[in-house]
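By written order: A, B, C and D. Residues from 1 in each chain.
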Amino acid sequence: MKIGLIGFGKAGKAVANVILQHKDFSLEWVLRKSGTLEHSTAKEVLGISVADPAMIYSEQNTDLEELLSKNTVDAIIDFSTAESIYSYGRIVSKRNIKIISAISHYEENEKKLLKELSSDTVVFWSPNITLGVNYLLFAASLLKNIAPNVDIEVIEEHFKAKPGISGTAVKIAETLDLNTSNINSVRAGGIVGKHEVIFGFPYQTVRLVHESISREAFGNGALFVAENLDKKKNGLYNFEDILRPYFFNQS
Amino acid sequence: MKIGLIGFGKAGKAVANVILQHKDFSLEWVLRKSGTLEHSTAKEVLGISVADPAMIYSEQNTDLEELLSKNTVDAIIDFSTAESIYSYGRIVSKRNIKIISAISHYEENEKKLLKELSSDTVVFWSPNITLGVNYLLFAASLLKNIAPNVDIEVIEEHFKAKPGISGTAVKIAETLDLNTSNINSVRAGGIVGKHEVIFGFPYQTVRLVHESISREAFGNGALFVAENLDKKKNGLYNFEDILRPYFFNQS
Amino acid sequence: MKIGLIGFGKAGKAVANVILQHKDFSLEWVLRKSGTLEHSTAKEVLGISVADPAMIYSEQNTDLEELLSKNTVDAIIDFSTAESIYSYGRIVSKRNIKIISAISHYEENEKKLLKELSSDTVVFWSPNITLGVNYLLFAASLLKNIAPNVDIEVIEEHFKAKPGISGTAVKIAETLDLNTSNINSVRAGGIVGKHEVIFGFPYQTVRLVHESISREAFGNGALFVAENLDKKKNGLYNFEDILRPYFFNQS
Amino acid sequence: MKIGLIGFGKAGKAVANVILQHKDFSLEWVLRKSGTLEHSTAKEVLGISVADPAMIYSEQNTDLEELLSKNTVDAIIDFSTAESIYSYGRIVSKRNIKIISAISHYEENEKKLLKELSSDTVVFWSPNITLGVNYLLFAASLLKNIAPNVDIEVIEEHFKAKPGISGTAVKIAETLDLNTSNINSVRAGGIVGKHEVIFGFPYQTVRLVHESISREAFGNGALFVAENLDKKKNGLYNFEDILRPYFFNQS
C-alpha cells in the first residue's frame, strides 16, 4: 500500500519512521510546509535504509496534482495542521485516494468538508489515532453501559510542562459522560503519557490503563487504520467504526 | 424477585448479606448442609433488620418439594458445592425456577446435567460470578481479537497462603490462549485478590486490572445475573451471554 | 506485655482482634464510653478463644485507679476520642504505665498535656498508627531530601462517601511541603484506602504506594510501637522516632 | 566541573546529552573504542549548541597522557566496557582525577584494581547509576530492616526481547535476601523498564515502583554522583555511600 504523508513535525517523523519499517507499506513521499529538508528523503533524515522513495517536498514549491500524476498513492496520512485539508482534500478525493487524518482538532467548517469529501472516497478522522487509547475508550464505554451507576474517575499523568487537561482525558470524560471534576491531572517530571480510568464498584475495582512509550504509536495506529479501511465503501469513518467489527468476530 | 440460596459458607454469607440489603430482591430462605444454624435466620446471623424471611434450613432435615410448596422462589442461587445440583436440580427445574450456579468447578457429569435441566428452565453457570472479572475476560478477549500478535502477560496477586495459580488467572490464560508461563503469581501478606492483564505493544501498553475488595462482590454479580436473566428463554447461559447484549446497545 | 485498650469502636475492635491473637501481648481489659457490652469480654464479641481476660468496662461505672490496682497493665493503647486523655492520662502516667495514643487529632491543650505526662512515663502519639503509612512518610521525605527539586504529586483513593481530603494525604503534603493542589483525591466505590506519592524526574519516575486492606493494620502498628518503646526513657515520641533507629542498623 | 567521558554507545550518547545541557558541567572530550566519529564533536552528533568542546577521540589514535596534559578534567565518567579501566585507571588516578564508573559488571580483578586506584583518588562504582533505582534499593532495604518477616516479591517488566532476569532485579533480590522465585519477569512489547517491590503485610501493602523513561536517567545519575563526590576523601564509594548522608540531614 502506497502512502503519501502530509506533515513532518515530531509526530510526522515518528509516523514516517514506522511506515518506512513496515514491509506492507511504502512511503512514497512527504509533503510539508517548511522548505528546510526539500530534496532530502525521509530515509536519510531518519537514518533508515529501505527501498521506499520517501522524497520530501515543500508545499510552496510543489503542485500536488503533478506530484500525484507522476507518483500516485493509495492513501494520504495527515499529521499536519487543520487547514491542510483545504489544500489537498478535493484533489485526492477526486482521485479516490483514501484520506486518513490524525488532526487533533477540526472546526465545524473542516468537519463539513470531510463529510463532503467522503462521498468521493474513504475518509477517516481520529483526533488520537493510537490503537490503545481508542480501545480504552471503546472498552470503558462498554463497561459504563453494563454498569451505568458505577463511580468513574480518570487519572491522567504527563510531563511537568504540559498545560491544561489532556485532550485524551477530555475525550474520555465526554465519552463516559463525566464532569471535569472527575479528571485528576498529574504533572511530574518526564512522564510521556498515562491515562487510567477507574471504575469503583462497592466490592471491587476495575482499572483500564493506557501508557504511551513513544510517538511511534501514532504510526502503528495510522497503519492499523489503513489496513482496516481496505475494502470499505466511500464514507466518513472514525476509530469506533474500525473497532466495532472485531466484536462480532469475537470467539 | 424471590431468591432461595443454597450454601452458607464464607461466600454464601457474603451473598446473603448483599441480597438482604437489595430492595428488589427478597431472600426467602437458605438451604445448607450443616444443621448448626437451623431455626435461625440469615438476618440474625448477619445482624441486618429487613422484612425478608431468610430462614435457614439444613439439607438433612428439609424436604425441598415441601419447602417450595409453602415458600416458592423465582431463582435459586447456588454457592455450595458441585454435588448439590444433584439434589435440587430436577426439583427446581420442573417448577421452572431459574438456577444460578457459582460453583467453581463442575465435572463432565454435572455439566451434562446442567444442560439437561436447561430444557425446562433458565440455567446459568459461571465459575467466577463477579461482574468485574467477567468484564475483564470479555474486554481482554476483544483486544486480543483486534491485535492477535500483541504480547500478553498476566499478573495475579493474592494472600501468602493461597496455593497454586488462581482459578481466575487460569481462566484468563485459557480465554486468551496463553501459556502458564505467561502467568506471574505474586503471594504476599493479606492481598485479597488482584488480576492484571498487560498488553504490550511496541510503543504503548494497555493494562486491564481487577481488584477484589470483599466477597460481597459475588453477591452483586449473582444479582446482576438474576436481573439479566429476567426475560430469557429456557437454556444454558454463561456470563458472556449476559454481557454480549450490552455491546449492541452501546451508544 | 499487658495491654489496656481505651475505645471499642470499629478501629478499637480491629485492634483488640490483633492483640488477642498475638502471643506476646495480653489484652487485660477494654475501657469504653458506652455501657452496652459491659460484663462481656472482647473475646466473646469477636469470637476468639484465648486466655487473655479482655473484660469490657464502661467509663461511667468504672474507677480506673481501682481497675489498675487489681489488674495493672504495661501500656495503654488509646483508640477512643481526644478528650479521653484527660480522664486517664495522669492516673496511668503516675504509675509509669506507657501511653500509646492513636487519636487522629489533638488540640493544643491536649498536646501540652501529653508533653507533661511524658516526664513521668513513655508517651507516644501518632495520628495514623499504621507501619506502612509512617514508613511511606519517612521514605518519601528522604527522597525529597535527596532531590529537593523533583516534582511530587499525591494520589489518594477512597470509598465514594469519604468527605474531604484524607488526613493521611494532608499529612503527606505537610511533610513534603506540597500544596493542596498537588493532592488528587479519587472517590469511587468501596476502595478501602490507597495513597500514592509520585516523584517525577526528567527521565524516570519513582512511586511509593500504600494500600490498606483492613483496620487491623492499626492493631499491628500499635503493637509494633509497643515493642519498640520497650526500653525507651520517659519522654514524648512519634512514629519517626521509632523508625529512625532502624536506619542506623541498616546492613 | 570538567568531565571526560569514556564510551559513546547508546548509554554514553545519552549521558553526553545530559552533560552538554547541564550548566555546571562541561563535557571536555569523549574517548571511545571505535574511530568512526573521530574529529567530530559530541555536540554535532547530538545536535546541541553549547560551549563545551566535547571533541570525540578514538582509543587507538589517542595518547591519554597527552590528551590530559593539554585538556585535563576533574572527573572521568565511564560508560564503556569492563576492560577500559585497565587502560585509563592508573593514568587518571595518578593525576587525582576522580573516576565514576557505571560498568554493569566487573570481575574480581577489576574490583581489586578499583580498590588500589582508590588510594590515589576518589573512585566510585555503581552497576546501575540511576538515582531512582538506587533510592529504591536503599528504601526497600530500610523497610526490610524494620519488618524482617514481611513477604517481599519483585515484578520487573521490560521489552519483549530482553533476555533473562534484569540485572537490577537480581540486585534487588540480593539486597533483600530474596530467592529468584520471588522475581516475576514480564516481557511485553516495548516497555522501557519497570521495577516494583511489593511488601505484603497482613492488613496493608507497600509498593516501591521505579519506571525508566529513557537512558538519559544514567546521565543525571552520574552527575548527581559527581556533585556528591565533591569534597570526599580518596577512597572507594558506592551509591549507598552517596545516599546515606542525606538521611542525617533529614528534617
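Here is the rule we use: contacts are C-beta pairs under 8 Å (C-beta built on N, C-alpha and C of every residue); 3 or more make two chains touch, one makes a residue touch a chain.
Protein names from UniProt, one per chain: A, B, C, D = 4-hydroxy-tetrahydrodipicolinate reductase.
This structure is a prediction, so every number in the text was calculated from the model and none was measured.
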Checklist outcome for this item: Set B-C beside A-C; more C-beta pairs touch across A-C
Next on the checklist: Measuring between Cα centroids, what's the chain most distant from chain C?
Outcome noted: A
Checklist entry - So, what's the distance in Å between the C-alpha centres of chain C and chain A? => result 52
Checklist entry - Which integer distance in Å separates the CA centroid of chain B from that of chain C? => result 38
Checklist entry - What are the residues of chain A that contact at least two other chains? => result 189-191, 199, 201-205, 213-214
Checklist entry - chain C touches which residues of chain A in the complex? => result 150-153, 155, 157, 159-160, 184-191, 198-205
Item to check | chain B to chain A touching residues, read off their complex | outcome: 130-132, 135-136, 139, 141-143, 145-147, 199, 201-217, 219-220, 243, 246-247, 249-251
Checklist entry - So in the complex, which bits of chain B are touching chain C? => result 189-192, 213-214
